[in-house]
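Heads up, the next two complexes both have chain A, just with different partners, chain B and then chain C.
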Partner chain A sequence: MKKALAILMVACLAVPAFAQSGGTIKLGGTWPLGDITGKQGSMAAQQAVDEINAAGGVLGRKLELIVIDDELKADKGAAAVEKLVTVDGVDALIGGMASGVALGQIPAMKKYGKIVIATGAASYKVEEALGPDANWYFHLHPWDYNQGASYAQGWDEIQKKYPAVKIRKIFLAYEEGAFGKSSFDATKVLFGADKRYSIDGASFKSAALGGGDYGAVLEAAKEFKPDLFLWAGYDADALPMLEQAKAMKFTPGIYLGAPPGWPVDFGASKLSDNVMLYGMWAPSINDVSKVSKAFYNGFVAKYKVEPATYFAPLSYSAVYIYADAVKRAGTTETAAVIKALEATKYASPLGETITFTPSNIIKHQGIKNQKILQWQNGRQEVIWPFEAATAKPVYPFPKWK
Partner chain B sequence: MKIRGAYIAAAVAAAIMIAFPAFLGAYPLNVARSVMTYMALAVSWDMLLRSGQISFGIAGLFGLGSYASILAVLRGGMDPLLSIAFAALVAGLVAFALGFAILRLRAMYFSITTLALMEIFRIIMHNLHDFSGGPEGVVLPEVIFGGDASALYWLCLGGLAVTIGASWYFERSKLRLALTAIRNDETSARSNGIDIFKYLLVAFVVTSTLQGMMGAIQVQSYGFTTPDTAFDANFTLLPLAMALLGGIHSTIGPMAGAVLLGIASEWLKLKIPYGHLVVYGVIIIIVILFMPNGLFGLARKAIRKAGGAGSPGSASNGSDAEEGAR
Partner chain C sequence: MVNKRKTTLVVALIAAAAVIILAWRPTVLIYGLQAAGLYASIAVPMGLILGIVHIVNLAHGEFLMVAAYATYLLCKSLGIDPYLALLPVTAVTAGLGFVVYKLTIRQTLKAPELNQLILTFGLGISMTQIANLLFTSQTRKLSFDYVSASIDIGELSFGVYNFVFLGAALLMVVGLRWYLTRTTAGKAAVAVGQNPRGAAIVGIDVDRTYGFVFAMATALVGMMGAMLITRSAVFPTVGSPYTMKSFCLVAMAGIGNIPGILGASILLGVSENLLKAFRGLRGWADIVFFVLIITVILGRSIRGKKA
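Our next item is the complex of A and B:
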């Protein structure tokens, strides 16, 4: 009898404790899993979830990540949001890469008003579609105009610090889609506004979309004699464009690429040496950031592969930012977590502390700067911002042998 | 009696589909919309195929309808619902004008030209920056019906119903006889007094109108479009695969293929998040290699075998699936 009473008492005490725990805290992630950005982004988010759970979870509850492939399609991305919210009952949404998918997801996101910590979608069109009232939307990735502004600032500072670097003429080879075109428009506005720089450009069909012949665009660039040659395309364009540039003996002062991700083995190619790039993270940041090193080591230990895209540390950060906000809010209730997220100060593996400030339209913009890096001896080195720099720039881009 | 049974079955199926929002959540309704969109495209593609003309221009007309609808709302202030009818009309008129040139072509020349149309429409929208938004596309301030899941579902179902109705009419009217005759032997059809160009033009304009209408429904449901989204090659390739899986030269075949591939795609994605597209691709390859008549053709073959091969009635009552195989 006594034993039965004891069991009953334990059960009575356990029920409210269990009710308070509320099961797991669910995060719903959508990424393009067939693409390295989405694949490694989702893997890094799972890594963060596992680390947080191993450290005791959040508010005594475990985190759970449910991942759905958006297949880089708007309708699939929207269906994924519907499932995550209405079937899985997630507490927040994270992830994303392509702006086209985000545009398809926004009507569903607006309908449910769940917290979103977006790791992708750089197009200003996404910000326009969100409007100023989307206070549940926290955008980590810089908008296209943020990126352009940070490049302009970066090159100004580099020229000041290294007087040998002189940029007057900029040529942009851009893939013919939305990504390339918006890059060209932003470059024209930001670099061409005060007439300090002379800008020209031409489009090409990316190898990722069935193209791969850069002869015309490289000829146009060669004729323009740019100090800075920049290409905005995809990882599939990186090596073939370099090979064709070499064949044409095209050697601008600076050869710079701005794809969302680089081929995994790009650094192993001799051609990669001294190519500059825009990005948010590189393994070399491990030299100057303990958080980056911890993230990198954890990723390699868990998956036996090196993170090859900044979407990995960005997605890892998204999970930590949400978990930290829930911890500070003491609840997963949306309004309280939004308030806590607004007070975020997260020392991220990207080598900078993330806070949320207003951008042109939305209230919660995270990162606003990209970095300028350079491939040196098979490694991406940070050239700018100087506080995160891991090497000095090699300038000018050496003549082809 | 047999026909009455088919009508009753169709009415019951329609009633169930109309009632879906009463017992399905937003996610299944979203998946259903996707399946219905591809189903309508697969059926409309098959309608023209019944004349022997293989079109690769589905995505081109779908995208054209998307842009016509969204630009009519944004630039012309048109009512979103009315813009769907307008977009269908635009796609139909463009097809009518183009038909005079491209319907003189046959076999792969026609197919390649329709494929080129898709690219031409995409490039035009890509370069009309001020009007079409260029590569970055255009965004509506609000999706139709405020994004209500049930209303969006019924809108898409309406588009599908119009498509199935048109396909049913193609199957039941003298159009079927004319298109089948053109497919089987054009010279013989002409010598029998069939105005080949007229019937091909009717089929091309009607199917293009339907494809443009579905593009408009899609764009109003998601509230944005870009050239890469609207003219995505998947809007050509997936309906083809669905029609081939289900069985060509009928209405029911492409419908069955769309349901199977549409649901398989979503199910595989949830079960195998990393690598589902590989499995999906393998399924499509296997089906095309080993089931050229599709599931519908296979089922008909099995029924005929079970009912005794060579029964005269079984052949005469059938659809054109077997004829296509011959």
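Our next item is the complex of A and C:
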């Protein structure tokens, strides 16, 4: 009897040790689940986890994703990091969207030093808050200054390749909040600095914040006669602004929108044709990237909806990048995984191979370029960079019929 | 005689201002009137509830949002125009309004006003959150060719579709005036609004009148929700900004003064667009709204004191 009891005790003591060595590899994800970006970001991350597990997991262990809704609030985001690390005991943190939330999470991240693969947080202020010593932080999303620089480069290259495209005058219609104002300031610096471009702009109140009347701003734009008309607002402004532009017969050479997302079925509207946009991913990339196609098909099969935001392939990539690093490191030990992550070369569904190189302050910046796309026949086609291009640009924006 | 002279002077001043604006920048008047139509047509139902049921319905904009989603789903699934979906949506929101009144608002009519405010505020938040869960925050918009209908006068091209909201506001004001002054049910509603206890003594069913007025107001909001999707995208918080705007317009016009809401909306719409015409002042458009309200309410109070 005594012998049986002793065996049982030894067995009980052995269980946690087994769980620790052969248990799941835990990933803690924070996204704003009430927002399409966070919702689909977390769904795509789960898709990646399921795919990896179906293929045998990593180092013989299953991956497990624990998701907490940050509700777009800094305090909730910070509390989520605390809980994921101290209660759930995650091996790494992934996800994120808003810079404000990331700023709230950084003190907790610094405290625990867990590996973070961030899918959002574009503001340079986040980079400043991280500082140069945050070697555990791997930032996938381009910083705001990366994005601006890539737009300037993109338009230069497009004008060289397609001489018919001539941009001298740029008008920016920007929503009157911080997002729009900073977009206007950045545009003035980027395009107005060397006087090659003449820049003008006017603000409007976004429909997302109770506005939606674009008459005055479009009138100012029409008077300026821009070659490139760019609006920086929200998805709620996309179609109403086009409708008013059509009513006012406003046809700039290039009509370009830069909202964080587009309305459902925007491509189904006739008005969307030939509207240009900035982005990182579109389903058309499936034509030139097998990884994108595999991601897209997997997402649609699993969730019966199309990925509508680039946060989906970005979050999907975050999981694969971490899993790949753990595999190469042969352990989940932080220092070894950081070393493996530094050697990452991941052919992502975003149409480019992700590697980590230093940015202005941090050591591990992933993607640095945005893409210039155009709505053509209901699809977002990539116009630039040319190596990922899926179509040629339609220029100029046709006159309204 | 003095009053008549004052009225003539005010009318003459307004006409002169309109002529000057038309000559200087006609779009200020055009877009101002279009905005006024939208504001007024959404604010009038709130004025009706406030004037008769004496409730500040802070879920006003959320009823608009529910109607907008209902219209969107109907149009999307059946491929019909929002103006066809308007009738069933109006009926559904009327029913929803009646149920909400019976189940919640009715229970707080005798409670302190703060309870009613908290209740309708809570209702509004719940409706927004449910919409967020069901549809996410991603916006939805159907586009219709007629929304971009325009007129060219020389070099000037402007959209004319939004005048439909001014038409709706005018119809609402005229229709409600007729209903409240010419029909028995309307007269009973006015009596209940003025003195519910007195109305009950003479045999008017106060509770039924409240329920009917609340349902009628939500039906009108539903109608505007259906029309709103022609010009605006639909998303969970699409109606929220209209609650505060409507309340301010009702306060500016004076409780129970339904035609006054249209006047206040025109003043607001034109003032906003006047400021928008000056680039440096564009950001002040929201402030002018509150400056106007404070001025009108203060002016009214001072006049009241003198009287």
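Everything that follows uses one rule, which is that the second predicted complex is superposed on the first by the 379 of 401 C-alpha atoms of A that agree within 3 Å, B and C clash if a C-alpha of one lies under 4 Å from a C-alpha of the other, contacts with A are read in each partner's own complex, and residues count from 1 in each chain.
Following the convention adopted for this analysis, a contact is a pair of C-beta atoms (placed from the backbone, for glycine too) under 8 Å apart; a residue touches a chain by one contact, two chains touch by 3 or more.
Remember, predicted model here, so these are calculated numbers, not experimental data.
*Asks:* Which partner does A:V288 reach: the first (chain B), the second (chain C), both, or neither?
*Replies:* neither
*Asks:* Is A:I361 contacted by the first partner chain B, the second partner chain C, both or neither?
*Replies:* neither
*Asks:* Tell me the contact category for A:A347 with respect to chain B and chain C: first, second, both or neither.
*Replies:* Touch status of A:A347: no partner.
*Asks:* Under the stated touch criterion, which partner chain does A:V67 make contact with: chain B (first), chain C (second), both, or neither?
*Replies:* first
*Asks:* Which partner does A:G261 reach: the first (chain B), the second (chain C), both, or neither?
*Replies:* second
*Asks:* Output check: A:G34 vs chain B and chain C. Expected answer is one of first, second, both, neither. What do you get?
*Replies:* both
*Asks:* Counting only touches as set out at the top, which of chain B and chain C does A:D213 meet: first, second, both, neither?
*Replies:* After superposing on A, A:D213 lies in contact with chain C but is clear of chain B.
*Asks:* So, A:A247: does it touch chain B (first), chain C (second), both, or neither?
*Replies:* second
*Asks:* Under the stated touch criterion, which partner chain does A:E176 make contact with: chain B (first), chain C (second), both, or neither?
*Replies:* So A:E176 meets both chain B and chain C here.
*Asks:* Share the list of chain A residues that count as touching for chain B in one structure and for chain C in the other.
*Replies:* In chain A, residues 34, 39, 176 are touched by chain B and also by chain C.
*Asks:* Residue numbers of chain A touching chain C in their complex, please.
*Replies:* 34-36, 39, 176, 202-205, 207-210, 212-213, 215-216, 219-220, 234-240, 242-244, 246-249, 261, 263-266, 269-271, 308, 400
*Asks:* Sort out for me which residues of chain B touch chain A in the complex.
*Replies:* Interface residues on the chain B side: 25-27, 29-31, 33-34, 37, 126, 134-137, 139, 143, 147, 149, 218, 222-224, 226-229, 232, 234, 266, 269-270, 273-274, 276-277.
*Asks:* How about chain A: which of its residues touch chain B in the complex?
*Replies:* 33-34, 39, 67-69, 71, 73-76, 78-79, 82-83, 85-87, 100, 103-104, 106-108, 110-111, 123, 125, 128-129, 176-178, 180-182
*Asks:* Within the complex, which stretch of chain C touches chain A?
*Replies:* Per the touch definition, chain C meets chain A at residues 27, 30-31, 34-35, 132-133, 136-143, 147-150, 152, 157-161, 231-233, 235, 237-238, 240-242, 245, 273, 276-277, 279, 282-283, 285-286.
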